[in-house]
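Input: one structure, supplied below.
Which chain is which? They are A, B, C, D and E, in the order written, and residues in each are numbered from 1.
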Amino acid sequence: MISAYYFGAISLILIGLYAILVKKNVLKMLIGLSIMETGVNLLLVSVGYISGRSAPILSEGIGPNQAVDPIPQALVLTAIVIGVATTAMALSVAMIIYEKYGTLNVEEIRRLRG
Amino acid sequence: MIDWKLVLEVIGILIYATFMGFIFMGIERKAMARIQRRVGPPIYQPIIDTLKLLGKKESVSHGFIYDFGPVFAMGASIAALLFIPIANFQLFSSNADLIVVAYLLEIPMLGIMLGAMSSGNPYSALGVQRGLLTMVAMQLPYGLALIALIQHWGTFKLSEIVALQQTQGWSILVPALFVAMIVFDIVFQAMLGLEPFDIVSAPAEISMGPMVEYGGKHAALLFTQHAIQLFAETAFFAVLFLGGASNLLELLIKQIAVLFIAIFVASIYPRFTIDQAAKFFWKWPTILGIIAVLLTV
Amino acid sequence: MSEMKEMRNENDGVISYELQEFKLFEPLFKWARKKSLWIVAFCTGCGGIEMPPLATARYDFERFGIMPNPAPRMGDLFLITGYVTPKTLKRIIITYEMMQDPKYILAHGSCPINGGVYWDSYNVVKQLDKYIPIDVAIAGCMPRAEAVMDGIMEIMRKIEDGTADGWKRYRENYEYYRKNQDELFGEGWREKDARRWLAWI
Amino acid sequence: MNGQYASLLIALPLISAFFVPLIKGLGKKAVKYYLVLITALQTGIAAWVFQEVYTTGKPIIVMAGAWRPPVGINLYIGHFAALFVLIVAVVSFLMAVFSIRAISVDPIDKYAMLFLLVMLGATGMIATGDIFNLFVFMEITAISAYALTAYNKTGEAAEASIKYIILGGIGSSFFLIGIALIYGSLGTLNMAQIAQLAGGMDATVAQVGLALIVFGLAVEAELFPLNAWAPDAYQAAPHPITAMFSAFVVKAGLYALARILYLMQAVSSWHSVLKLLIIMATLTVFVAEFAALRQKNVKRMIAYSSIAQIGLIGLAFALGTQSGVDAGVFHMVNHAIVKALLFLAVGHVAVSLGGAEMEKFEGLGKRMPLTAFAITVGAIAAVGIPLFNVFWSKLRILLATLGAGYSWAAAVVLIASVVEAVYYFRLIHTMWFAGEGERISEGLAVSLMLLFLAALVIVIGVYPDYAWSIAQKAGNDIFNVADYIKNVPLMGVGA
Amino acid sequence: MINELMIILFAPLIAGVVAWALDIKGIREAIGIIGAAIPLAYLVKLYPTIIENPIDYSITVSGFTLQFQLNTMSWYFAAVASLVGLAMAFGMAVTSRESYDWLFALMSFTGVLGVFLSQDFVGFFLLWELMTFASFMMVLRRNRHESLKYFVLSVIGAYAMLIAIGMLYAKTGALDFASIRQVLYMDAAMGTITTRETAIIFGLFLTAFGVKAGAVPLHVWAPGAYSETDQSYTAFFSGALSKAGAYGFLLLYILMGYKLYAAFGTFHNHLTFAYIIAWIGAITVVVASFLAVLQEDIRKLFAYSSVGQVGYILLAFGLGSTLGFAGGLFHVLSHAIFKGLFWLVTAAIILQTGKTQFKDMGGLAEKMPFTFAMGLIAVLSLAGIPPMAGFASKWLIYEAAISAHMPLVAGAIFLGSALAFAYVVRFLYAVWFGQRPSDLEDVKEAPLPLLIAMALLAIPNLVFGVAPGLVTQYINKILGGEVVGGDYYKLVTPTGTYNALLVTIALVIGLAIAGLVYIYGAKTRKIPVTNTYQSGNPVTEEFNLSIRRNFYKPLAEALEFWLKYSWDRFYERVAGMAEDFADSLRQAFYNGNVQSYSWYLAIVLLILALWGVL
């Protein structure tokens, strides 16, 4: 059952990677990056997932032995935040690029080279 | 303390060598004339020439080095002579070896060139250039011939080479050294400044080359030097390849034999240009020299 | 101008220079001078062609110790073999002054004596003796090899009895020769004629 | 004093970063001086920590909230971390001073904030004892660095930034996957515990996890061919930031790489990972030096040179021997000094003359002699000439490389070094012996900093013993994992 | 802490730094000269001590123990270097007007001394690099291209050495000479180091030392570097610094000789590895001498000449016999003194005339008589005219080469010495004789310090020429046996003798006789150069009568075929290719497209994946 999560996560990562590698538009590449991060997060969560257990919120009937591993979830939260920050940063930079270059085509954003 | 016998020997040999050197020069001219079916000058003609030059009432100089050059050349020739064993007179020869003598025989050239260059004459400069290039060209086969000799006899000492030849037969009887002798003889032609390698003076081309500015006593010095040099070089040849000599007469015969070979070669060949000479020397004599050297290793 | 002066002084050196006197060996040297005449062969005009027979087997002047030598400093005998133009004369004078005393001049044929067949040519020196001292002149147009030989023998005879004194006359009467030369070529002709002649150096 | 005060190293920049907006009210100048003040304070703390660690010889373990590891996140300030935190602080301080002159673009408060965050991130990366925490600090550093790269607001800056973001993003994603794999396999994130348990790890998972972590960190550590962002970012970033990149940001990544690598020594496929790294590091040196050869922009040229030197350090770390690690640490220190000097000087020239193109450097020896002298010292040192500090570490690295049997790597590195010599000496010639110019004022503060760094270069070059002994201890800290495990008071398992 | 060796070693460097920092005219020169004199003074002072037992000193720097030792051999090399160094300092007092020059010249002095004194590879390499760097900086100032050529080749050499050192270190675990020597000696029997590894190490060392010694084909830096620097410094550069390369070859024998013998065996009764060295030397002699003959620039001529002369030293060392070592060691000294003298003469000429091309010079003998006399001594010594120091050493090399039965190598010496004769005469003619260009009319004699410097080097030329035994007896001590017998004036080898004093006497006798003849003749009249036979054409001062260009054109014509090939052009092409490669690599890899960059990442991931699976 867990392999399904893994499969999904890796698919997301590969889709993201595909977008980065093939799409010429910077925005699309950034979307790819986001998708990839999502995939990674999914993977991270699924690492801590134990089949048949519930969320690691200590409440009635859910003790340490009934909950999934909480650490990956904490990690993923952090990672999501980081991902958001990165994306925000990237998008604002993309704006500047569009301002200065008048395009978002990566083939044309090549002033720094060699 | 002073070895008076040695002093007397030195003086005697010097006088003898100078005289015989002049006679050799005379023989050279005379023989050449006879080959050309002329009467030719008397055999003592070079002595007369030298006396005449010495008797010039005027003398010019281009500066100190111009004067120093001929003096140095003659001094060096005398020094070289003193290190060659002349027949039974050993002189200084036990104190120096083949390499030293070979070098001493080259120094006079430097003297002549110093003087010639300081005269500022373009012909002299051309002569110097040609002289040096001839030397560069001939030095390789020359060196190889000497190396073959040294390797065969296993010693650098001229006196020992002579002694070994006395007991074991002349150098030229050894096949490898015969090859070396051929090489040396070709080089010898250039050392004496005879055709086909008389590129240095080339009278009809560059007006005597290095000698062009010399006259009077300077030229007389150079003539005397040439005589001594001629004697020394022929003696060198005889000592190296013809078994030396036990008395002056034997030596004289061998020297004249050597001289005649040189004259015969000289009288039938035209002159090389300098680059032809260089190419020639680096071709056949060098190959022969290498063969000789490898045969004696 | 200073250069010209320098040149003048330098030529004066040829004259003012004190000659060596050999007291003891003088007879020996005189003999040697006679027996060893080196020719500065300066072949002007048509006489040059008379020289090869002299040098080769038929006459062979080398048996008298005579030898052609291209370098003037060593030469003793200056052969002027035929007519002399002013241009040639300049070279003759310069070469002559370069030779070292004692030195002798042998003039070939009629032309150096009086112009010969070129007696009325505007460009031939009529009387060479005015410009440089001639010791022996051989008449004829051209003199045959025997005659040249005879001239040389004459020089040798004159050397022996000391009458071949052209070099002395040139020193003593330098002002005269100089005047004649300058009249013919104009003052300062040496500098004027100097050219860059070895362009390739 | 209590070792726990060392947590100020993290706390101070973090807190002060959030005070920047308040300071902004006092004016632009004030922000800059505030920055100087904070970095100076940080330097003081770092110096104290350094002194503490090296006199006692014991690492300082800071446990967040007094939770013992592996439950709590701990900071591990061992010999290496103490040394490097000091370098981070000192370089930051110098660059803060330089910023007063070099930075004129607004918003200066954001700059100060990001500056402090970069410093914080790097310090954290070096000091942390938790692998995920490492990731967080790395991202803090990276995001601040993205922003600072784009800070000049030119097209180039934005372009460099987007490159950095995309490549950094991919790298960090895979790094995270690596962490996930390790966590999945071992169930812990504490470094000491990972080291302890690494031996029993599933071979495939360990190999893939380690490889992905190496991959992720190699992007930060500029190993070929993952370093394509670096020259652009170096060139486009503000000058003080470039120096910081080169002096410690990259090195923090490299350190993390080395740390994790050596923690997982017990993993069965460790040696093949090392081999991979050696290939990458060697190629880094080679390609970067050749790329610098005909560079027209001096800043970019030095950026390439910096990349190459990082490759050299990477090579030293990848050897897997004690001598290699020692040499690598030594080179890190030397390189930090030299590159800080070079970027400071080149930045100074660029600020004064309006650009870092090669033509601007003609006649620099006459126009700005002191700066030119500093660049000369830096360049000569970078080439590895005796009596300058880099010579010793380069020699050590090469001896270690050859000692480990990687002659080909040494040969390739040395070929690249020849190329390095060529371009640096071309620069020196251009500065001193080409062109003319009027003398212009150089500024006291920058001059003093340049002199200080140049003097440091020469002092270490002439008397390397002290620096070397420190480097040795620091190298031991990385290499000797057993001590590392012993020093961390792990709950349960060992202690 | 303070030790004589340290003083010897670092006095020049410290003096250089002080002179550089003070930069006050007059004082910096004084400090420089003092700094350069201290090593010589100390070496002379320590001479009696080191004959008995060597002086050791070691310091620990950065975990390496640097060992220095002043033993008989290092004393010899250091003394040669110090002598030339002092002469250099005197020369630089007038030729150099920059404190920059003083700093680096004296720094390289320290480097050279250190190379000779080091007894371990770290110190050796460190000071080797220092020496290279300092000499490079001397060149960089004047010519970027040539200096970089020099530096790149030197650094390639140094790095080759570093790799070799590292390999030895990895094999033996030691860096000091004594242990390495011992380990390799033991290893020769056991053979743990394979022949292939030995060959690699040998090749690397050969490259390293060959570059510094200027062995063909690694000589291309020499002409440019020697000519494009302060000529007084070149005296040291060529006289002492290039000896470091020769010293390296000697070191190769000391450290690895037995191992190399065990690994490669013999070839026709010669040690195979030595045979290689000998041939390198022979080729260097011939090629460099030919090139020297064809040069048109005074500095280039002597640069190639230096290369050729160092070739003699290599050749002598390559003979592998003790006589060969004796000859080589002697030649180290004589080359240092005559070539140093040459460069100082060159420095004087360039200082006074500002010209370097032969075509611009001529007739300076009258204007600079003392310099000319010094130049003549150097010429005589280099051309190997007895009785000069140059002849004694060359003679030993001849003896050794022929006794060692290496006839073709000996033939190369003959050819080389004829070529040497040819190029020095060319130098004499073009610079000192012939007609003087009118713009050189007011040239004056060189200033006093330069004359002192020249005299400092000229005197040993004469003294060691007449009394070569002084040197050979010391060399016997180095080699630990009676290699060259005889007394102070007489050299005796197993096969030959050379009595320098007797040659001198004979020359004096000859000169006296010739002088008598000369004096008897007519009194001479001085005439100017232009009063000379030009087929009767009148000539005045303005026109050039001297052959100043293409003096050896016929030789160039004869060698046309060989001159088509040039190592220099080959290296230039390689360098150009490297630069083009760098450009295309840069443009292709860092192409500016972030997507390509992402692809690199993806490819690495792919490789990782494949590698992870496999």
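The rule is simple: contacts are C-beta pairs under 8 Å (C-beta built on N, C-alpha and C of every residue); 3 or more make two chains touch, one makes a residue touch a chain.
All figures in this text were calculated on a predicted structure; none of them were measured in a lab.
Q: What are the two chains with the most C-beta pairs touching?
A: By number of C-beta pairs in contact, the leading chain pair is B-E.
Q: What chain is most central when centres are computed from CA atoms?
A: Looking at where each chain's C-alpha mean falls, the closest to the middle is E.
Q: Starting from the Cα centroid of subunit C, hunt down the chain whose centroid lies farthest away.
A: Between subunit C and the rest, the longest centre separation is with A.
Q: Whole-Å distance, subunit B centre to subunit D centre, using C-alpha means?
A: Comparing mean C-alpha positions, subunit D is 78 Å from subunit B.
Q: Roughly how many whole angstrom separate the Cα centroids of subunit D and subunit E?
A: Comparing mean C-alpha positions, subunit E is 44 Å from subunit D.
Q: Using the average of all C-alpha atoms in each chain as its centre, how far is it in Å between subunit A and subunit B?
A: 97
Q: Roughly how far is subunit A from subunit D, going centre to centre by Cα mean, in whole Å?
A: From the centre of subunit A to the centre of subunit D is 27 Å.
Q: Two or more other chains touching the same residue: where does that happen in subunit A?
A: Residues 17, 20, 29, 109-112, 114.
Q: Residues of subunit E touching 2+ other chains?
A: If we look for residues of subunit E contacting two or more partner chains, we find 521-523, 525, 527-528, 531, 533-535, 545-547, 586, 590, 592, 594, 598.
Q: Hunt down the residues of subunit C that sit against at least two other chains at once, touch-wise.
A: In subunit C, the residues touching two or more other chains are 17, 19-20, 71-73, 198, 201.
Q: Pairwise, which chains touch?
A: A-D, A-E, B-C, B-E, C-E, D-E
Q: Would you mind writing out the residues of subunit C in touch with subunit E in their complex?
A: My answer: residues 3, 7, 10, 13, 17-20, 42, 71-73, 90-92, 94-95, 98, 189-191, 193-198, 201.
Q: Going by the contact rule at the top, pick out the subunit D residues touching subunit E in the complex.
A: 162-163, 166-167, 170-171, 174, 204, 207-208, 211-212, 215, 219, 225-226, 228-229, 231-232, 272, 276, 287, 290-291, 293-295, 380, 384-387, 391-392, 395-396, 398-399, 401-405, 407, 410-411, 414-415, 417-419, 421-422, 425-426, 428-429, 432-433, 463-465, 467-468, 472
Q: Could you please specify the touching residues of subunit E with respect to subunit B in the complex?
A: Listed in rising order, the residues of subunit E that touch subunit B are 268, 293, 363, 365-366, 380, 383-386, 391, 395, 398-399, 402, 405, 407-408, 410-411, 413-415, 417-419, 421-422, 425-426, 428-429, 432-435, 490, 493, 495-499, 502-503, 506-515, 517-518, 520-535, 545-547, 551-552, 554-555, 557-558.
Q: Over in the complex, which subunit E residues touch subunit C? Could you list them?
A: 521-523, 525, 527-528, 531, 533-549
Q: Flag every residue of subunit E that touches subunit D in the complex, lowest number first.
A: So the residues of subunit E touching subunit D come out as 60-63, 122, 125-127, 129-130, 133, 136, 140-142, 144, 147-148, 151-152, 155-156, 159, 162-163, 165-167, 169-170, 578-579, 581-583, 585-586, 589-590, 592, 594, 596-598, 600-601, 603-605, 608, 611-612.
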